[in-house]
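After this come two complexes, each holding chain A, first together with chain B and then together with chain C.
Now for the complex of A and B:
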């Protein structure tokens, strides 16, 4: 007796179709799973056996072979439990074949037969839609199916409910709710006007930003408010990002509601933790921050390998990992916002406390970041602790909503002009419509400050963004001057 | 417009009082231009073989003082003297040249243009009669008039011995304050000015010291907000520089102090930075360069 059930295994953010074939024949009772499954797949045998029995069904007292095709593809995870159980039950004619026809099943089984959720259901929903299959799984497939839209699905919470042919629901075309939960507001920050402006410019142009300041100056507080002034995720962006979150087993609810992800990995994070890795491969923080903000607090405290691993994602917007099981690519287009102390003790330039670091210690501290990474950061700003008195006296400041409106307008303006942020140096000035006077200012400034060609590009880019915020076609000298203020000078 | 020409006798009411009080005042002053300029003033003198350092210092201090309403007196010689006049002209200030030859004689040749501007709009004076050609000894005599006219003498660069050093000697004899810009101990051009400091002259290393020194000898530099001269193109440059000269500050604090919004202020700061007038310190504050 023979049966086939469709399912899928995750590779990167994709679910690759896998056929679960069951063959139940007479012979010495045994149960084996072939087809390059990992330990979790092998352990499915125990869960499936117990779950079938606990549901009052019969586990065949025969020779049971499960093959996961295509056999050369490595498979991992517990999502195979449900399709394996289904295949056995169909092969032993305990449930009708119609239940599994044109269906992709996914789900982990408890020993009592209930179906548990697994990571990556959004990817499964995509695969099902692409292959024109209905999706069968635990209740967590519901939001996934409605996000993808147009997918037929059936929720099973227990394998007993599979005894009958159930009804499939067609998810309505994706209509995504908007985010009602509040994000930290810029209006909560007293003073720090320069920093707020820097955040606005960074948000409008998608510039990476480095905040330098002593402990307690509000770097983290400011960084957390960047998401609030970015425009909400577009429909496509939501799905892209939610897919990564889903695959990583993190709730994708907030992302689907349009909230940009804000990831702040601790500085002890490994390379794998940052860019992804492990077996099976999991997306790292850079991918979880896709279309959102990656905040690296205490930048120089990160390991050198971890910091250098950020270069590829910052450049390409993707991370490609090569592992035994093959190549995996995760999306990783994020805004980097980094924070650091000016020196090891943290108090260089503080208004109250003396810095106790030697000059050598200071420059060693900064040099840990490394030039190549700094090259990919467009803007820098010094942030300082503000007087308690000022906190009390600070009047009403602009709320995130108002700043977000300007940011959105600037982004739209840039888009209308087909601005590419990767304009090569030679065409930079014409592409960005930089006025001759402004251009001379950039040139003479870079000459007197001995700045590199890359610095010229950064200045021009930031100046262009500032002009975009003002919705002006050409970049004037004033815009350049403001860009100069955000020039990077740690190094 | 032809320059007005005058002769002042020692007894004349227009004869500058400060000069009259010196041990050896000239009997007659011949001159062109505005007699009223012969009042309280700062003499800026220095070497004829001025180094770039000397020229930079002269321009900086003479320019600053002139911009703050102080009349600059000097000797129209090549080098520091001529730069002092030029800086005062550039700053739209007032300046007086004291010549060792006749007041109507263009000497040195290179000073011809400056002198003709001075004769019409400012003042040129000399002890020597009209048309008198320069002689070696007339210049030392001239130096005592420079010291006598001014309330204080700022020596920028002086070798040893030199005419500039003699001006300082006359100033001390006339009871004038002597200010000196310190220079390298290795440079022979600075030996005289450094010697003056070790003998008790007031060292001048920046504008705030100059301001204090001027006030202590009875001159009153403007304290208004009108200091855009350092950066006429940016309206915020004036008060901004003033604030920064007092103390290095953070942009946010500056914006609050000057009641400007942080974007405008930041742009002005960057403009001054691009012009090399202010620098950004490693701790994020801005200060004058």
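Now for the complex of A and C:
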């Protein structure tokens, strides 16, 4: 007696189709699972056996062989419980074959037969849609199915309910609701006008930003407000980001509602934690921040390997991890916002307190970040402590909503002009419509500062973004001057 | 092994056989031996061949009788089953491994537990 049930296993942000084949024959009673399943898959035997019995169904007292095809593909996770149970129940004619026809099943089983959620249901919903299958699983498949749209699904909370042929519902294309819930507002920050301006430019052009300043100057406070001035996620961006969160087992609800992710990993984070890794591979912080903000506080305190691992995602917008089992690619297009003290004691250049660090200690501190990484951060800005008097007297400042409106307009303006972000060097100045005078300013500045080719491009890009905020076609000398202000010679 | 424990085991197996007979199983063989060891009771339950391990304990001070049927013991019984089926040339629809656990409570009282399909072939 044979039965086949479709399911999938996660690889990167994709769910690869897997066929669960059950063969129940007479012979010495045994239950084995073959086809390169990990420990969680092997443990499915105990869960499936108990769940079937607890549901008042019969676990066959026979030779039960489960094969997971294609056999060479490594399979992991507890999502195989439900398809395995289904295959056994169909093979022993306890449930009608029709229940599993043209269906992809996924779900973990409790010992009492109830079906539990598993990570990556959004990826499973995509795979089901791609292979023209209906999706069968626990209640968490419902939001996933409607996010993908047009997927037929059936929610099953207990395997007992599979005894009958249930109805499949077609998920409506979700009109993804927006939620504007409590993102910290820029109006909460008193003073710091140039830092706020920098945030606006960074948001408008998708530039990476480094804030340098003494403790208590409000670097973290500013960074947390970047998400609030970025335009809400577009439909496609929501799905891309939600997919990463889904396979990482993090709730994708906020992302599907249009909220940009804000990730702030602690500086003790490992390379694997930042860019992804482990067995099976899990996405790291850079991918969880996809289409959102990655905030690295105390930048020089991060491990050198962790910092250098950021270079590929910053450049390509993706992370490719190569392991013995194969390679996976996660998306990682994020706005980097980093914060650091100017020196180990934190008070270098402060107007009131003396810095107690030796010159050697200062340069060692900054050199931890490394030139190549600093080179990839378009904007650097000094943030100073503001005097208490100023905080008290600070009047009404612009709220995030107003800044966000300008940012959205600038982004739209840039999009209308169809500017490619990485214009090759020679065409850079014409592509960005940089005025001759402005061009000469850039050239002489770069010569004096010995800037790399990449730094020139970045400077031009920042100047272009500033012009975009003003909705002007050409980049003037003033735009360049302001762009130069956002370059701090840290190293 | 003392004569006493031997007798206890034999009495337990008698009690188990009587019980299995009463619930409608047909006893085919008792104490079937080969060089691998011994199967306590071989019975037929409908279309299934049932291989029964009987374990008798005078007290639960050193664990319940069921606990004495270790994984190693289970594997030995599975090996025995293979050679029994080969030798007896039996063809049944299914095969089952049962355990009958007996705890002696007093001179003429004992507690008997019958575990159907107590274990399967492990890989």
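Here, the second predicted complex is superposed on the first by the 486 of 491 C-alpha atoms of A that agree within 3 Å, B and C clash if a C-alpha of one lies under 4 Å from a C-alpha of the other, contacts with A are read in each partner's own complex, and residues count from 1 in each chain.
Quick note on the criterion: contacts are C-beta pairs under 8 Å (C-beta built on N, C-alpha and C of every residue); 3 or more make two chains touch, one makes a residue touch a chain.
Worth saying up front: this structure is predicted, and the values here are computed from it rather than measured.
In the superposition on chain A, A:61 makes contact with chain C only, not with chain B. Once chain A of one complex is fitted onto chain A of the other, the partner contacts of A:291 are absent, as it touches neither chain B nor chain C.
Once the two complexes are laid over each other on the shared chain, residue contacts for A:213 go to chain B alone; chain C is not touched. After overlaying the two complexes on the shared chain, residue contacts for A:31 are found with chain C alone; chain B is out of touch. Between chain B and chain C, the partner in contact with more residues of chain A is B. Residues common to the contacts of chain A with chain B and with chain C across the two structures: none.
Of all residues in chain B, those touching chain A in their complex are 250-252, 255-256, 261-263, 266-271, 273-274, 276, 280-285.
On chain C, the positions that touch chain A within their shared complex are 48, 78, 81-82, 92-97, 117, 120-123. The touching residues of chain A, when paired with chain B in their complex, are 191-194, 197, 212-213, 342, 348-350, 362, 382-384, 386, 390, 441, 444-445, 448, 477-478, 480-485, 489. Across the complex, chain A meets chain C through its residues 26-32, 61-63.
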